[in-house]
Amino acid sequence: MAPRIELKTSPHIKQADSVERIMRTVVLALLPVCAFSVYQFGLSALALMATTTLTCVLTEQLFNRLSGRPSTIGDFSAVITGLLLALTLPPAFPLWMAAVSAFVAIALGKALFGGLGYNPFNPALLGRAFAAAAFPEAASTWTQAGLPERFSELLPSTLAMPFMRPESVDAYTTATPLAEWKFEGGIATDTWALFTGMTPGSAGETSALLILVCGLFLIARNAMNWRVPVAVLGSAALTAGGFYLLDPGHFPSPLFVLFSGGLMLGAFFMASDMSSSPVTPAGIWIYGALIGFLAVIIRFFGGLPEGIMYAILLGNAAVPLIERIAQPRLYGLRRGRSG
Amino acid sequence: MDADSLSYIFLNAAIINNFVLALFLGICPILGVSGKLGTAFPMGVASAFVMLIASLAAYGINIVLGYFELEFLSLIAYIAVIASAVQLVEMVVKKFSPPLYRALGIFLPLITTNCAILGVALFQTSYEYDFLQSLTYSLGAGAGFILAIVLMAGLREQVDLADVPSVARGAAMSLMLAGVLSLAFMGFAGLGG
Amino acid sequence: MSAADSTQAPQAPSPTSSLRLVFTLGLIALCSGLLVVSVVEWTRPIIADNHERALQQAVFDVIPGAVERRDFVLTEQGLVPKEETDARGEVIHAGYTEDGALAGIALEASGRGYADVIRILYGYDPACECIVGMSVLESQETPGLGDRIETDPDFLGSIEGLDASLTEDGTELKHGIRTVDPGEREEPGDIDGITGATVSAEAIGDMLHRSANKQLPQLQGHWSELERNE
Amino acid sequence: MAAKREQEPITMDTFLSGLWRENPVFVMLLGMCPVLAVTNTTENALAMGLATTFVLVCSTGLVSILRDFIPKEVRIASYIVIIATFVTVVDYAIQAISLEIYNALGAFIQLIVANCMILGRAEAFASRQPLGKTLVDALGVGAGFTLALLCLGTVRELLGAGEILGVQVFPDGFEPWVIMLLPPGGFFVLAGWLLLFAWLKERQNQRAAAAKEATADGR
Amino acid sequence: MDSALTQIALAGAVMASLGILLATILAVANRRLYVYEDPRIDQIEDLLPRANCGACGVAGCRPFAEELIAGRIDPARCTVNSAELNQQIADLLGVSVGDQERLIARLACAGGTHVAATRARYEGLKSCRAAALVAGGGKGCVWGCLGLGDCEVECGFDAIELNRYGLPIVDAERCTGCGDCVEICPKDLFSLQPESHRLWVNCRNKDPQDEAKAHCEVVCTACGRCAADAPEGLIRMEENLAVIDYSKNDLASPVAIERCPTGAIVWLEDGQPRRGAGARKITRKEPLPRMEPLPRV
Amino acid sequence: MGMLSFLSGRSFPRGITPPGRKAQTRTEPIRRLSFAPRMVLPLTQHFGKPARPLVQRGQEVVRGEPIAEADGWHSVPLHAPVTGSVEGIELMPTARGPKTEAILLRTHPGDSQTVRWAQPQDLGALSRRQLLETIQAAGIVGQGGASFPSHLKFDVPEGRAVDTLVVNGCECEPYLSADHRTMIERTEDVLAGVRLGMQALGAPQAVIGVEDDKPDAIAALEGAIEPGEPIRVGILRAKYPQGSEKMLVRSLLGREVPSGGLPYEVGVVVNNVGTMAQLGYLLPRGEALIERIITVAGPGVERPGNYRVPVGTPLRYLLEEVGFEGDDPSRIILGGPMMGNTVAFLDVPVTKGVSGVLVMPEAAQAGEGREAQPKPCIRCGRCVEVCPVGLNPAELGRLAAKRQYEVMEERFHLNDCFECGCCSYVCPSDIPLVQYFRIAKALNRERAS
């Protein structure tokens, strides 16, 4: 029998919002992107998403079990990690590698740091970076979008035996718009196609339009800090614009930079991961600007065609330092008596 | 960018082939002294300073030993001079600026056995850098070292407030962070190439 | 010592005499110098031999059929055996077949790869005016990816016999050497690239082109000097 | 205090403590750079381990012999010179033995000088202990170091190339995990070993606690 | 051969001069830049546990060492260290160890969940500090232990464990007397007591008898029997509580506890409290039912 | 309206807008609550030293008579709220937890309970100091919640000129409407109080800050201010915690009270409208503070409304009077839902600083937001976006969980937190941030002393 008076600290009312609701909203916002990915790349993309999501959820459960914590799969965050990981991988990525990456994403990226909210790095991108470094070839093999038989068959590399080299998919491979620009000396994709998204690339990064719409939905539902995408995209556009003005022949236009590759997906869904970004508004501006800047620098001057993944991870790494300098302005510190 | 240009040498040493994260030099202090930003930063600065000394010393030693054709003695000479220089700096600081000694001095003996210091001397020799290039290289390496240790310290402070499972506390956590940092730094590979 | 005394700080321990310090460290350094120099002297020939053999092996690797090697330097007087001159310059390793005929020459080239500078040695056969082999001396390329420039059969295969003939006037390569996408070779100077290691593979093509384009015209007219003349 | 320890006899424990209980890598976290840098193959790891052990044994031995002779003011400088001497010796010896290994280990042979483990042992142990004990300790620590290097080397070579000591282990068509050969791989594998040890230890502790609970029957 | 010999000679000479040069510099520097530091500080610090717990009343182990050398403190004040090592420190300094009596944390409450009533359910952080700030925490006895274990968490030596009734039990062997629990407890129930204080009042309730008994079955009701049985002046009644005058501790004996009806006053044997024969036996294991919150006006 | 006032800048940055929930009581006129049979009068109902009892057990007192005197300048006296007899001076439970001494009065049943102790004075003739003494003698403390003795607040240190008396009519907490009703029904008292306050302070002007969700109060005040009087009504956007004096000063005057400082440092003194009404009503009559106006509301109350309650009325009596059944487990909250404290004892009396009593049965709490186990902070940053002081509650919370209280104070300005609860209100992870901060502050305070 419990006492009938209850003691509790103030405040005694609360806003009706919860972590689960936020995460569910993000999953909801990701669904159209996933659907488009399946439409574009077919069954392979579907299998990829299923694999990463399942592995992420199972890994999360496993680690909760091991460390004796209550199950946290109900909060959907592992689902997000799984989906986003799949969306950043090439559609023909072998499933066993995807599973390894998903395991690393949750185990190394999240569970070992203490779980939801404590991960200093974006788990999905950590998994993606692991994949890129462990299986660099598979992670940079892109297939064409809209292959006619995509709904009836899987790409041959998808089903590679665990630990084995995937079958060559040379027949379907192609260069992404970014790689074309970087290694083949020119932009061959027009901006509208980039914007709408029937281009080769990672499973979920291609349609800037769709990502934009879904991202705005997230912002509208207060599930994401609007400053993140604004800062990342703004800074990327400014940096790219600067170089473009310097040498329009050599550097692509800012629009190409914004709509190609994973910049959009990164800015809206991955840089915005709350655990690995600053909490203060000023910090977020700096963080976003850093990411946008680094992404463009790596794209333009680095050895790789795409830099958003590394830019976000580096941004994550800088978060503690950023927060050191970007605390909110304290009431009563500056303004004194006005009269 | 030209591989011999000063700006490339600096960028290369600081970021692209970061001493700590890509070349595995100076790992011990990175694991040991990166617990708090407040100590990591002075440690980084002290190390960078000693790197500069080491670089200059190595440059001088190379000239002397080159003259006698006794290059094989270079290793001994570097380390002996570095160790003595560090000891000297420590004494000077202790004598003339006790506050600075309290902030930096305690790290100085640690730095003698920091691979990164000797690494600067060895690498600049093997790359056959001239004076300015050596100087730039050591400054870049120092900047890279500070960057790495400060990033590590920030992350470790953040993770200290996390609910880390007991098995992952301590050195394993530092190594994991260093690993992820090094993974992120791979994005800089080929920069300027 | 009474208890009261002990709470008094002891005198600073009397410092060791400076002479002793100097003497000790001097002595240790002296011994160390002697020990090192003896080891160095003792291993010097062995190490030189090791280097020599490694070089030899590399040269033979890139010049098929070579069993003997001599090094030359291009000087004002033409190609002079390396032993006979102090002149510094590109070393040209000439390889000879069992019957003493010139099998080809090996040249060093270097350039920036994906991670860092790559150094290679490549063989050139004046008879076919083509590149006959290539081996990597030094590279920091990503293992399993960039380092496939050492192992990829298609890539290496397309370098073997790669056309490196000069234009009529002998001032530059007739067909530029470059790396193209795998399976897209069209020109005689094209090398099959490696998927996933585009940068490294292109770097090889690029350094081959630069080196051959510079060195081969200079060697034009000196080939006979390489023929064995004992 | 030192005097008290000196009386203790040389035991197996002196050796084992360096090998395991106070393993320089897994427990003391010393000499980490070579541990991470040269362990992408087992062979390199072994060579590095042996080279380091050699330097460790020789230099601590010499320090122990000279321990009463070297004045405190130039202690560090002298130790360093002694260590550097042996490192140079090893450096040339390896060049003479195999250029391939020499190239693979790169600057890290010379960097043995800066291996804090060696100076640490010289300072903390050899400068206070007689020769015999110092040598046993150095051998133990050296063996522990080599063991740690091998732990990393095998995992990294196995996953990174599908081989161990150059012998193919996985069937043809194995997809190597390139990351294992890259810097992050080094960090992750070492972290992995530490996690494993910590986990085993925790489980052991839990078992022990459970056993105690069972006998004591609570309060 | 000749060149090899010159090389050897040269090498020796260069190294020797380098060594001499460095040694000279260091030697000169050593003279010129010498800063005196008492070498015994290091020696003593080596002998201290380096727990930096502050139980000695100094900020940490090194400052403690400095205090020791200055003769301002006894080695025994370090309660964490073994007696043997403290003796070594004393020997090193040529002083006596000092006869600091060991202080151990002791709780002045016996109101576990099975004997003490709650009045209101507290919801929120599982912390006594937190609960105490919310209207005192909801326990019937406003002086009593809240049983949320801040002391257990705070004790850096694992010396406190909550028992099944939510009462902290101090492991006398582990307790170093650092006082952290004294500081953290929002109800001020802990105090550091010398081991020789064996007569102990296990209660802080100042309510008048009837009200107090409604709150807790082991409460001190200030009935005065212990004072009557104990030697004159050892125990007196103050604010509805028995208070022991420890300056007369020598007179203390177990007779004082025998007739205590609630067992609020105890005699400690090997650190374990013994209740008097007259104390009511408590067999209940489950929590006491809550108090009625809304009696008639 | 809200939009417009936002444009005109009549607010402060950040903060939250919880649902007001004032409909239950805002239209109810103030009613009198009957006298409880037994009154409990703690000797500390104010910030400062406890009062010293003047009465003894068994002594008869009349309504309004002093029963305890101020113990020095930093204290206020206590007056009998009823005519009756002194039952004793005993330890009694308080809302905060520990028991303190209180005077118990047994109300004489059947007594008319008119005030029989009054010493009218000519206030205009008093010097400032005398006026302050009069205020102290009337036992007046702030009615806005902090119970700070009003005479102390008006006692601005030498050399500090106060140019504006700010009157706090925001009542930004949900549910509460006592100030709202006071402004409507006792407009004249409020204004009389304001004038007295200006006199006591020597302040040339006064501003009454009222939120824009109380248009009737604004109209009443504006209508009652004499033309040309240096008193104006400042209309503010309804937003929590507009009523906190620091925010109010910022919103009304654009000044910021320095961190760790007091309002007079920027030339302002802030008082609640209730305090002003008490001043304006009591001083001219020479009476003392023995009752106050309280909102009794919440989902568990049958007859919610604003009541005029004698100080010392036990909660148990009050709740029975308003028809609280007490069947469900409930939280009984003194004050508003954002800052108020729950009580553990229903013997706790209404004291001078209590502005509301809320009853929240468990059943109703579901509608007021979930009560869930705290989860780890996901660093969403909402708390940072709402903290009106510009703190970083997320970081503070993480530090608190690791008990790094000193860092919280040294690097993250813990002491600037005034526990408004905005951060806890928005936290989707249900982290009890404010509770953490309270522990941290309490411990730091103890350790410092």
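Note that the chains are named A, B, C, D, E and F in the order they appear, and that numbering of residues resets to 1 at the start of each chain.
Please note the rule applied: contacts are C-beta pairs under 8 Å (C-beta built on N, C-alpha and C of every residue); 3 or more make two chains touch, one makes a residue touch a chain.
It should be emphasised that the depicted structure is a prediction, and the values quoted were computed from it without experimental measurement.
S.K.: Under the document's definition of touching, what chains do subunit A and subunit D have as common neighbours?
M.R.: B, C, E
S.K.: Going by C-alpha centroids, which chain is farthest from subunit E? Tell me that one.
M.R.: C
S.K.: Using mean CA coordinates as chain centres, what's the gap between subunit D and subunit E in Å?
M.R.: Using C-alpha averages as centres, the distance is 41 Å.
S.K.: Return the distance between the CA-based centres of subunit B and subunit E, expressed in whole Å.
M.R.: For subunit B versus subunit E, the centre distance works out to 45 Å.
S.K.: Let me have the rounded angstrom distance from the C-alpha centre of subunit A over to the C-alpha centre of subunit B, please.
M.R.: Here subunit A and subunit B have centroids separated by 33 Å.
S.K.: Quick one: which residues in subunit B touch 2 or more of the other chains?
M.R.: Within subunit B, the residues that touch at least two other chains are 70, 72-73, 76, 80, 84, 87, 162-163, 168, 173, 176, 180, 183, 186, 189-190, 193.
S.K.: Quick check: what residues of subunit A touch more than one other chain, meaning two or more?
M.R.: In subunit A, 2-9, 108, 112, 114-115, 118, 130, 133, 136, 303 touch at least two other chains.
S.K.: At least two other chains touched by the same residue of subunit C: list those residues.
M.R.: 15, 21, 24-25, 28-29, 32-33, 36-37, 40, 114-115, 142, 144-145, 199
S.K.: Which chains are in touch, pair by pair?
M.R.: Those chain pairs which touch are A-B, A-C, A-D, A-E, A-F, B-C, B-D, B-E, B-F, C-D, C-E, D-E, E-F.
S.K.: Which residues, counting only subunit B, touch subunit F once they are in their complex?
M.R.: Within the complex, subunit B contacts subunit F at residues 160-163.
S.K.: Using the touch definition from the top, list the residues of subunit A that touch subunit F in their complex.
M.R.: 2-19, 21-22, 75, 114-118, 225, 274-275, 277-281, 284, 323, 327-339
S.K.: Residue numbers of subunit E touching subunit B in their complex, please.
M.R.: 7, 10-11, 14-15, 18-19, 22, 25-26, 29-30, 33, 35
S.K.: Help me check something: in the complex, which residues belonging to subunit E touch subunit C?
M.R.: 4, 7-8, 11-20, 22-24, 26-28, 30-31, 34, 36, 38-40, 69-71, 93-96
S.K.: Which of the residues in subunit F end up touching subunit E in this complex?
M.R.: Of all residues in subunit F, those touching subunit E are 36-37, 91, 93, 95-99, 314, 316-317, 320, 326, 329, 341-346, 371, 374, 403, 432, 435-436, 438-439, 442-443, 446-447.
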